[in-house]
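The structure is given below, and queries will be raised subsequently.
Every chain is named by a letter (A, B and C) in the order it is written, and numbering of its residues begins at 1.
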């Protein structure tokens, strides 16, 4: 398929329309769907798709920082978890109204992003990755320790729906609404990233990624731009965290705040193709979908009959996804986007990935 | 005062284990520019190998022999897995450092997932001789014997590593390569072999660290995510000590471990913040990076 | 006799900059050929391309073998001694260890080296990082001369050194050149005139002059090619 500017937009529009109307489609489709019922608009399917959308939003936000600006942060889970936990705590522990909770969550995220970002961005390359990783781990330790009984630690903090408008609560009756909210979040995140990357700021990001020294010599101050990239990316991750707690309803540290989330986001972006916006979206949707689908497949009764050697690997989504990722890194470093569009974009994403680590 | 001494002793033991984990990471990064996320995997596999050795050897051999063989086995397994990883996954991606890092991430996720599926949440316990669980009574203090084991291993490895790097040809090649890889090649030396060697040595130490941690600090219980949990502290130690420096890893490992022990007890015990010890290590990292970005003994990067 | 080095249509691009644009020249065996040019024209890059330290297109033959795409250590093992522009001695290692690394097989001629550079013998156990600039350069040259190598690639050996030391090095290189082919990058024209028989001049990534060293006796030509007015 030759790459023409209009093609991408049209394909995206088609998928968007499809996803918007999907909750009205009651078709029975065997084998493919991740929910327990094989019906397109079942609660299970919608929930999985909502997860796909929200992580796609987080991934494209991460791509802004990693793929476009060349900053390999290993701590996006921090802001995601802030979104989940602060929102959850505000609604559940303090019973704040929805709007105030949202405001607080984003305010906390913004403050953290500015302060921690300023510290982390003082160093480059591997050191930057390590600092962001350390900060994210610190937050994990924090929520796990259940300070002042706020986070409920490993038991998990369930979202209380008392202060939420009725259209948001209720797992079964309003999964549809949550589905659309997740889709809406993805759209907003994508739009933000699209606007930023197409603007002058976005071009500076790319310049920073490819040759920061040259920029510095020209008198442009990379630090400010890196901060913008970092903060925007982190705020988007926070938005994703908020949608997550709405959809899933419980926050558990090992699921929400651990480094595994960061690594998953990284894999999503690389799998889809870094530096290409829609690559991150595709990568995230494929990754989350596969993860949920494989979980369901692994629980199939017919599986138990397989010999252990086959059954164990195939029933562990993490193994399969890790293995697929390894294969991609070897044979298709440009990700899915690289395969689909070949030559030009493949080289672009490969260069993207390489230039991320040329500076240290 | 007694508590302080006991804490210090266990801090040194923990530091020895951190050193074992961190020094391999530091060398691998120093020489190859590869951030090895699979290092946590090597540690976990070492622990599991230790478990397998200790439980499958005939019990007539006695617990002490089995434990010693388990520890040796863990080290060997760590070395083997690391060597194979380098040859099959890292070497073909030569010249593409990000790809190398990403592949270690993928490998870590995949195999840990496999372990979770295979062994699951069953708590596997390494059978150890009684004296390892018991303490020794010295000067009014009760010092856990297991700590002696860890400290002993740490010291032996530190001395051995320093000798290796200072005296042997490959040791010199590695030190030269950490400083200037290109020039080593320009002298006609194939650094590829040094790469594999560094991975093997790093993997051996990681395996050892994994099994020792299980015995000394984890109640002899083995779990799939153990290595990755240790890995974060290993990373912190490596960055604080300086990438590529063995001495740096040793000093930083002690500092981080002691800080962790003291903070957990003195502050965490009182205010109910159980994780403050772990948090403090991250704070230390932030402070060190602010003041001295290349770490205590790091090369100028 | 085949030329020691044959370079044909060499192109090198570094970070988007087309540094070498079709460089072609030969280095006759047994000769000392000087590679000249202003700063930044690509002299060092040419040496690095021969060694395989940078990616290049075009053909490079070294001592009879086509080395395009070869890994550096393999090219060097054909018999190359390399003295890089910034000395690049390993500062964490001792003088002795630096030399040890340069050994090829078991035939290493330490006696000759220490006869040439007695200071290296006295400082054998000293960390190379604590040596003076001149001593480091001694070490760098000694490394390349430790075993007999048919081809020596030397990059600005006199840079930043006092004239007296430069003169000593010139003596050493003269003796080495009796047994080896030398490709010498050098800005110091008096050294060039003393050691070289042939010159190749680069400008903006291309060869602009090939000839005998006597060509450098013409001040107009020198000014045109190199922008300097002559010796030292």
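The criterion applied here is as follows: a residue touches a chain if its C-beta (ideal position, glycine included) is under 8 Å from a C-beta of that chain, and two chains touch if they have at least 3 such contacts.
What you see is a predicted model, and the numbers here were worked out from it, not measured in a lab.
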| item | value |
| --- | --- |
| By number of C-beta contact pairs, the top two chains | A-B |
| Chain closest to the middle, measuring from C-alpha centroids that were averaged per chain | B |
| Inter-centroid spacing, subunit B versus subunit A (mean Cα positions, whole Å) | 31 |
| Centre distance in Å when subunit B and subunit C are each reduced to the mean of their C-alpha atoms | 44 |
| Distance between the centres, which are taken as Cα means, of subunit C and subunit A, whole angstrom | 53 |
| Subunit B contact footprint on subunit C (complex, rising order) | 51, 53, 71-73, 76-77, 80, 82, 84, 88, 90-93, 97, 100-102, 104, 143 |
| Interfacial residue positions of subunit A with respect to subunit B in the complex | 72, 119, 122-123, 125-127, 129-131, 133-135, 137-138, 141-142, 144-145, 147, 259-260, 263, 266-267, 270, 312-313, 315-323, 325-326, 329-330, 333, 353-354, 356-357, 360 |
| Subunit B to subunit C touching residues, read off their complex | 169, 172-173, 175-176, 179-180, 182-191 |
| Interface residues, subunit B side, partner subunit A - complex | 29, 33, 35, 37, 89, 92-93, 96-99, 101-103, 105-114, 116-118, 228, 232, 235-236, 239, 243, 273-276, 278-279, 282-283, 285-286, 289-290, 293, 301 |
